Structure formats: C-alpha cells, structure tokens
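The following pair of complexes shares a single chain, chain A, combined with chain B in the former and chain C in the latter.
Here is the complex of A and B:
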C-alpha cells in the first residue's frame, strides 16, 4: 500500500464559523494504480489533495483528525522539514490553472530545474539538462529552445505540459492531479489526458486523479471514489461503478453526463437541490434532501460506508435498491 | 528598447526645458528686488539702477531667459549675488555632506523597509505584523524635525552616545564621519522605511496568495526560497517604484534634516540662499535637483525590465 488515508478530518476556521470540509474520509492508493476522485465543486476533492501534501493555509485550516500513511510513515506527524523533502520528490502535484501556476518571472526551464535541485545535489547545469529532458518527455517541440521561455511565451496546453514535466522531474511515486484538464480547450484536454496516462504507464507512478468529469474517470482510472459534502459516498472499480452505481448521488452524476449516442435528446437531467452547508452539523445522510430514494432513516442516521459487492462500497441505507433500480 | 530609450531621452529634454522656464520665472516674478538687496540698506536709487544694469535685469524677460539658459548649458550657473563666488563651486563645496546623508538614508531605508515588509507579509496578522503596522503609521505621520530633536535629546543630550550635531568630512576619518551621520540618517529614514515597508508588505501579500506560490511549495521549496526567490521578484515592480519616488523626494527631507542637525550641505546652502534672495544659487540647485529627479525616474522605468520579463518597451 503506497498511501493509506484513515478517518481524515479537515476543518476551516473563520471568525464566525467552522467549516467541516472533510468529515472523516478513508481510502487507499496502491503502487502504480490510478485512483479517480469525483464529485461536485466544494465536495472536498481538492482539500483532500492539499491535506495530504499539507499545503493548506496554516492560519485558517487545520487537520483535526486522522492519519495519512505514506510508505508506513504518518505524514501528519512529520516536521515541516521532513515534509518538504517528500513534496515534489515522492509526492508531486499538478494544479488546475496552468495559466497561473507557473512563476511569471522565471524561465520554465529554471522552474523545472529548481525541483531537481531541491531534491538532488545536481548542479545548475545538470538540472537544466534534466529540465530539457523532461520537456522532451512531455512532448514539447524544440525543448532546447523552450527551456529558456518564460511562461507568458507559451500556450495554456504547453504550460500544463511544463507543469507536468516539473511534477515528474524527480520521479515521484504518487502524482496528484487536481483537475489538470479543466481549464484547457477540449482538444488539448484529450492530449494532456493521454500524456498523463502514457507517462504513468512508462514511469509506474501512482496517480490520484481529481476531477468532476466522469468521462475522464472512465478513460484513465482503475478505481474511483465518489465524494459528497466532505465524505466518501461510494468506492468501486471503475467498471463496477459505471455498471451498477450503488449511491443515488453517483447515479445522478452519471445521468447528468451528456451522451452522444442518445442523440439530441430531452433536457439533460440534473440533481435537484443544492449541496448542504458544511458550517452546520449534518443530521442523517447529507444527500437525503436531494435524494429520490430517501426514507425516514436517511434523515435520522448517517449511513457508514459498507460493502455492497466485492471491493465495492457505498454509504447508503438503500444501496441494494439503488443498484437494482 | 532602443527606440524607447531615445523617446524617453527626448521627453526628458522637454521636461528639463519646462523646468528651466518655471525656475526662471518663479524667481523673476516673486516679490523682492535682488538689486536692492545687493545694494544693502545704504543703497541709493542710483546704485540700485547700476546693479540692475550690470545683472541685465532691465532686459525683457525672454531675452533674460535665453541668456540664462545658454550660460547654464555651457556649465555656467552664474555667480552668487551675496558672496560673489561661482554657484557651481558653492554647490560642489557643499555636496559631500548631502550626498553622504542621502546615500546612507537610501541604504538604510531600502534594506530595512523591504525586510520589514517581507516579514510583515510572511506573518500577516501576527504580532510582528501588527507592531510593524503601528511603527509604519508613526513613521509616516511624525515629521523629520520632531524625530530629529527627539533623537538628539535621547542619544546625544541624555546619554551622550552620539554628537548633537555637525558634520565631519570623510577624509578626516570614516569613524567620525559615520558617528555624525547616524542620527540624521535615522531621523530622515523613518518616513521612507515606513513608506517602503507598507508597499513591500502589500505587494508581497498579493504575490503570496498567487497560484505559483503553491506550486513552489508543492515542489518542496523552503520558506526562504519561497519568499526571496519566488515572491520578492514578483513583488518587485511596485517596490522599485516607491524606492525611486523616495529617492527623488529625498531633497525636501534633506533640507530639513541638515537644518536640524546643522550639517553644512546643499540643503542649508539653499535655505540660506532663499533668505538672502540669492537667485543664481536657488536656480542652480533647483535645476540640478530636477535633473536628478528626472534621471532617477528614467532609471526606475528601465529597471522594470530587469525584474519582470513580461515588461518590454
């Protein structure tokens, strides 16, 4: 087991309230696998990623419970210095916004080389050679010229390739990709996805793929966790998930994906209602107010994640009926 | 880039011509007749008329201006009405203390101002930040002469650690020179430290919340590298701007500081000249200071390209 997250709880604090962004989530990432993390905006996907890397703002966010075991070590107990050695070296991250996630005043090559220099004893020139090699790996044309480009001299797709090059420069064992294609044109999206899948297969890096796009999940992931309101509501192999979704929320997500084969059909179904506020404690199942299957027990008791098949779990009182529906 | 520099040099010349006209007119049109002053209390109307004739004060203004501008361009700033010595010589005699005070003030202001700004932004909302905010407000609002007298009282009169006032040229030894300049430099710097710290804090704070700072953290960069490598250069343009402005506006503060600490510099020279209506000195100093101001602005504008590769002229 590469990454083992147990009962992780992260809260955000402001003057007047506490937001329970993660309400105790547990999941694992195996060596070399691709795990999809799916859910709407605000469900805690990105918070999960930032909590693992301990990159949340110290003043406003605190991880109040749980453990994050990486190679058997609990990341939450490491010193800042030890944590810095892991960031970028063993766990790397790609962010959503390629336009703003590179430093505008340094060349792309220098920024990739910096990652190399932080984690190895490489000299500046060796690190720059590595940067060029990484740009070639992510299929940027003329890498020997592009290393000397500033971010503003590159297109969005090229910048995201550069960010990927930077993340992979130290051959991390886990790559966290937080909506890496959301901000890109559709044609570029497909290229970047293919690139990540290819590189993953070549390097054997495990990938945690955060997305709200089920199409991306189907194309890239082996296992999926579905998050809702700071909790995991379903966890399954990608095939099982698409074949027999066990949580009404997962079903709703799938129905609201446009399907080309059905042609220009009726209006795209949506999930009625809104995501509950995480500032107040939630009684019962957090999805109950929006759920077509909800019965009395759903509004009273919070369902725990339970097995509904082999390596298929859902947090729903009526999972069996949902799967049959 | 070359065309931009050329364009800027042309506009610099245009600005200097306007400054010239203004400096010239300001003093000719102000009340008080220099000829009467030179003649002194016992001057007869005939003497005054003779002096007017000698100085060319009877010529029409445009003719006076052309004469004046041509001689300044040839390096002749005229002679002091009061002492009869060449203006340029008087200024250069007084240059050392003023330049010493200005350079020390800029070094102190820039280094401490930027450091305070960075620390305050790094620990925004914390104790250090709040102390620095109070200090910055004080530094802004208390005038140089109040700070000056306060420092003299504390460090010279009560504790006798430092000299009360005066100046020692640097060729009399580095130690005495520095000791005499400590209080004036600190008094003059406080305002600039506050100003630079405020701007540095604000622009660092903005940069620290940028996405690329998180990218740098995700790479494993240390706090030091984050602040000084990734953030400072991005926050550089506004900081450079205020440093340029501070440097350019130093003249006013220097005049007051030199008076408070009895330093025989250009500031004192110009104050005395104003009291004596010694037109050529006032004009000479104004022209030189304006030229310096314009040049600093040019240098600041050009230095932006060193900090931010996106800026191209």
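Here is the complex of A and C:
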C-alpha cells in the first residue's frame, strides 16, 4: 500500500461559520495504480488532494482528524521541512491551469532543472540535461529548443505537458492530477490523457486522478471513488462502477450525461435539488433529500461505506436495490 | 412566413492586430472566414469546434455586438447591418443571448426580479405590479419559485443563475436565442436540468436556438443540425443524426474520436489526432486542417476546399472525402505550378 488515508476530516473556518469540507474519508492508493476521484464542484475532491500534500491555507483550514500514511509515515505528523522533501520528490501534483504552477519570468527548462536540483543535488548542467530529457519524454517537439522557452511562448497543451514533465522529473511514486485536462480542447485532452496513461505504464508512478468527467475516468482509471458532500459514497473498480453503480448519486450522475444510446432530444433524467450546505451538520445520508430511493432510515442515520461486492463498496442503506434498478 | 428565420451569408470577420495610419499590411486575425448557414423557426442549430475556431465570434456577429468585415446576416430577409437606431432596437427584441458564465453575466447589485425584467423596461414602462407579475411568470417558466425575485445573484447557486440568464433572454419573447457555451460551466447534474429546460422551452414556445458548444455529447443530444468549425470556417454542416452516425470531414472524425466516452469496456483503437490548432493570424494554406490531417494530399495544401453538398443533406469541405466534381475536371498542371510557389 502506497497511500493509506484513514478518517480524514478537514474543516474550513470563517468568522461566522465552519465548513466541514471533508467529513471523515478513508481510501487507499496501491503502487502503480490509477485511482479516479470523481464528484461535482464542492464535493471535496480537491480538498482531499490539498490535505494530503498539506497545501491548505493554515489560517482558514485545519485537518481536525484522521491519518495519512505514506510509506508507513503519517504525513500529518511530519515537520514542514520533512513535508517539503516529500512534495515534488515522492508526491507530485499537477493542476487544472498550468500557469498556476509555472513562473512566467523563468524559462521552462530552468524551472524543471530547479526541481531536479532541489531534490537530487545534481549540478546545473546535469539538471538542464534532465529537463531536456523530460520534455522529450512528454513528447514536446524540439525539446532542445523548447527548454529555452518562457511559458507564454507555449500553447496551453504544451504548458500542461511541461508541467507534467516537471512533476515527473524526480520520479515521484504518486502523482496527484487535479482536473489536468479540464481547461484543454478535446483533441488536446485526448493527447494528454494518452500521455499520462503511457507515462504511468513506463514509470510505474501511481496516479490519483481528480476529475468531474465520467468519460475521462472510464478511459484512464482502474479504480474509482465517488465523492458527495465531503464523503466517499462509492468505491469500486472502474468496470463494476459503470456496469452496476450501487449508490443512487453515482447512478444519477451517470444517467444525467447525454448518451446517444438513450435517444436524442429526450428529457435527461435529472438529479433534483442542489448540493447541501456543509456549514450545517447533516443528519442522516447527505444525499437523502435528492434521492429517489430515500426511506426513513436514510434521513435518520448516516450510512457507512460497506461492501456490496468484491472490491465494491457503497455508503447507502439500499445499495442492493439500487444495483438492481 | 417564407424562408428561414436567420440567414447568414459569407460572414467574415478579421481583427487587425494593432493599428497605424502609416503602417501597411497590418497582420489580421482571421476569426471568421466565409461562413454561411441558415436557421429555421423552432430549430436548433449547433456550432461545435475547439477554442479559436471562431464560434463565439459568429455569436457576436449574429447579435451585431461586433461589425462584420464582410457578408450579411438576414433576419426574416432583412439585413441587420443596415438597421439604424429604432429598427435595430426593434430587431434586438427578436434575438437574445445566453452566456457561458452565469457569474459574470449578471449584475451583482440587482435582484433576480430586476435582472429579468430589465430587458422589457428598455422598451416600455412597467408599474410595480406589472413588473412583479412579469418576474414571477418568467421565474416559473425557468423552473424557479417566484419568491426568488428578491434574491441577489450571490445568493443563488450556479444552476439557478444560469436559469436567471435564460429567464432574462425569454423576457422579450424572442424567436431566436443564441446560447454561447451556456451549459459548459455547469456540473453534469445541473447541466441536465438546463438542457431539459431548453428542450421544454423550445417545444412550448417554438424558439429557435443557435447553440454554441465544444461538447459533442450535448450537441448530439439537443441539436437538429450541426455545423463543425475549424479555424474560422465551417468544414461540415449536417443533420445531427447523419453527422454522428457517420462523420465525413476528417476533422469531425478526429473530434468525435477524441471525446472521452463513459464506458470503461470500450477499447480505444485510434491514436488521437496529432498537433494543435494553428494560429488564425497565419493559417495554413489551402485546407487549414491539412497539417494535422491523415488523409491530406497535395491539393489540400494549395486550394481551400469548397463546401460540397452530399446526398444526405450535408455539406462538407474536403478535397478527399467530398471532391467537387467540376473542380476535379480542371487540369492538374495549374495545381502543380502553384504548389511550387507555396513550398
């Protein structure tokens, strides 16, 4: 087990309220696997990533409970200095908008080389060679010229490739990718997804792939966790998840995507209502107010994640019936 | 009424890069190049393409938010370019727009009720009662409760804001709504709600839509006809079902192959199309797609392919897949000589 997260709870504080962004989540990432994390805005998928890397703003956010075991060490107990060593070296992260991770006033080559120098104590020239090699690895044409480019001289797709090159430069064991293709055009998205899958196979890096797009999950991930309102509501391997979703939210999400097999110009099945506020404590299942399956127990007791098949778990009192529906 | 509701003829928009009285040959961005299509009453025409293909510029040209460099936009046979003040105002009532970002397209200081009744108040004076009745009616049409009229945009969810944007567009009872990436910023569950709303409104009120999107799944779901744009030009325009059953232009094909499919059992065979969209400042010669096209032949580098009508009611601009018969007959020597100039 590479990463083992247990009962993780993160809260955000403002003057008048507390937002329970993560309400106690547990999951694992195995060596070399791609784990998809799906859910809609505000479900806590990005907060999960930032909590693991301890990148949340110290003043307004606090991890109030749980453990994050990486190589047997609890990341939450490390000093800031030890954490800095892990970030970029053993766990790297890429974001939706590549410009958030690129410095506009340095060349791309120098930025990749800097990451290499910090973590390997390589000399400047060796690091620059490594930068060029990394750009070649992410299939940027003419890497020997591109190392001297500034970020603004590159297209959006190329910048995202450069960021991936930087993230992989120190051969991390875990890559956290937070919506890495959401800002890109579909043809470029297809290229970047293919690249991430290929590199994962070649380097053996495990990937935690955060996305809102079920199509992207289906094409890149082996295992998936579905999040809703700060909790994991379902966890399964990708084939089972799409074949027999066991949580009404997963099912609703899949059905609300337009699909030619169900006919054009038809009304799409909607998930009624809106996501609950995480500022108020939630009694019972957080999806119950929007759920077509909800019965009394759903509104009274919060369902825990439980097995509904081999390596398939759902947090729903009526999961078996949902799977049959 | 005869003829289409909206007819667009050879629409072209070039943006000069910088200006100067003394400078000659200022480079231009060829945002839209020779685009023609029509929209019938009650129909949904979708425009798809990637960033920089000119689809949003087409929307702005239709609304006359920017002036075209060439070509015409006809509403019920009237050229909107010639319209002055009052006639222009009257015409604007017939066409409304819904924007992508429900956060920046609503005035944060106005209440929901004020936002959606404002278009009407540009034309007539409303009493307080009339205004409230109108706001309540519009809110109900878009599936919101009338009490919401006193809320500010900041107190609404993303989906509710987009409903508000649609209610505002409906206020003047337009015959055509231009929706520019109207569901792209929304979560899928909310997107489904808004798509359903648009389908319902079309059925009840006979509104025509020009629906601009990059999402092929959404386009296939709600479109009657689809225009695919690449680098300022329409490369294929077809009835929706025909297009998705069998794309003809290699770019349409590449676009469809690139879209991720929510089915993990599907094995992806095709390699994704190579390269990136070239710059519209200096677009490739001939067919703009030729540097990325697996089928490209010499002729594609030289001649811009014309839109050729095919039997199933579609038009395609591709020398290989839809050769224009009358042009093919010409001797090839002319093509060879111009090739030597280009290369």
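Assume the second predicted complex is superposed on the first by the 318 of 325 C-alpha atoms of A that agree within 3 Å, B and C clash if a C-alpha of one lies under 4 Å from a C-alpha of the other, contacts with A are read in each partner's own complex, and residues count from 1 in each chain.
Here is the rule we use: contacts are C-beta pairs under 8 Å (C-beta built on N, C-alpha and C of every residue); 3 or more make two chains touch, one makes a residue touch a chain.
Computed from a predicted model, the values in this text were never measured in an experiment.
**Student:** Putting chain B and chain C onto chain A via the overlay, clash or fit?
**Tutor:** fit
**Student:** What is the contact status of A:313 with respect to chain B (first) and chain C (second): first, second, both, or neither?
**Tutor:** neither
**Student:** Based on the superposed arrangement, let me know which partner A:322 touches: chain B (first), chain C (second), both, or neither?
**Tutor:** neither
**Student:** So, does A:177 touch the first partner chain B, the second partner chain C, both, or neither?
**Tutor:** Neither: A:177 stays clear of chain B and chain C.
**Student:** According to the stated criteria, A:53 is in contact with first (chain B), second (chain C), both, or neither; which is it?
**Tutor:** first
**Student:** Taking the superposition as given, does A:236 touch the first partner, chain B, the second, chain C, both, or neither?
**Tutor:** neither
**Student:** For the overlaid complexes, name the partner, chain B or chain C, with more touching residues on chain A.
**Tutor:** Of chain B and chain C, the partner in contact with more residues of chain A is C.
**Student:** Taking the superposition on A as described, I'd like to know which of chain B and chain C A:41 touches: first, second, both or neither.
**Tutor:** second
**Student:** Please state, to the nearest 10 degrees, the angle that the Cα centres of chain B and chain C subtend at the Cα centre of chain A after superposition.
**Tutor:** Once the two structures are overlaid, it is 80 degrees.
**Student:** Now for A:256: first (chain B), second (chain C), both, or neither, which partner does it touch?
**Tutor:** Touch status of A:256: second partner only.
**Student:** Could you tell me how near the closest CA atoms of chain B and chain C get once both structures are overlaid on the shared chain, in Å?
**Tutor:** 14
**Student:** Residue by residue on chain A, keep only those touching chain B in one complex and chain C in the other, then list them.
**Tutor:** Shared contact residues on chain A (touching chain B in one complex, chain C in the other): none at all.
**Student:** Going by the contact rule at the top, pick out the chain A residues touching chain C in the complex.
**Tutor:** It comes out as residues 40-41, 155, 157-158, 185-191, 193-194, 212-219, 238-239, 241-242, 252-254, 256-260, 264-265, 267-271, 274.
**Student:** Spell out the part of chain A that touches chain B in their complex, as residue ranges.
**Tutor:** Chain A residues touching chain B: 53, 55, 59, 84-89, 92-93, 95, 97, 100-106, 114-115, 118-119, 150, 152, 163, 166-167.
**Student:** Chain A touches which residues of chain B in the complex?
**Tutor:** 125, 210-212, 214-222, 225, 230, 233-234, 236, 307-310
**Student:** Inside the complex, what are the residues of chain C that reach chain A?
**Tutor:** Spelled out, the residues of chain C in touch with chain A are 50-51, 157-159, 187-193, 195-196, 199-200, 214, 216-218, 220-223, 240-241, 244, 254-255, 257-266, 268, 271-274, 276-277.
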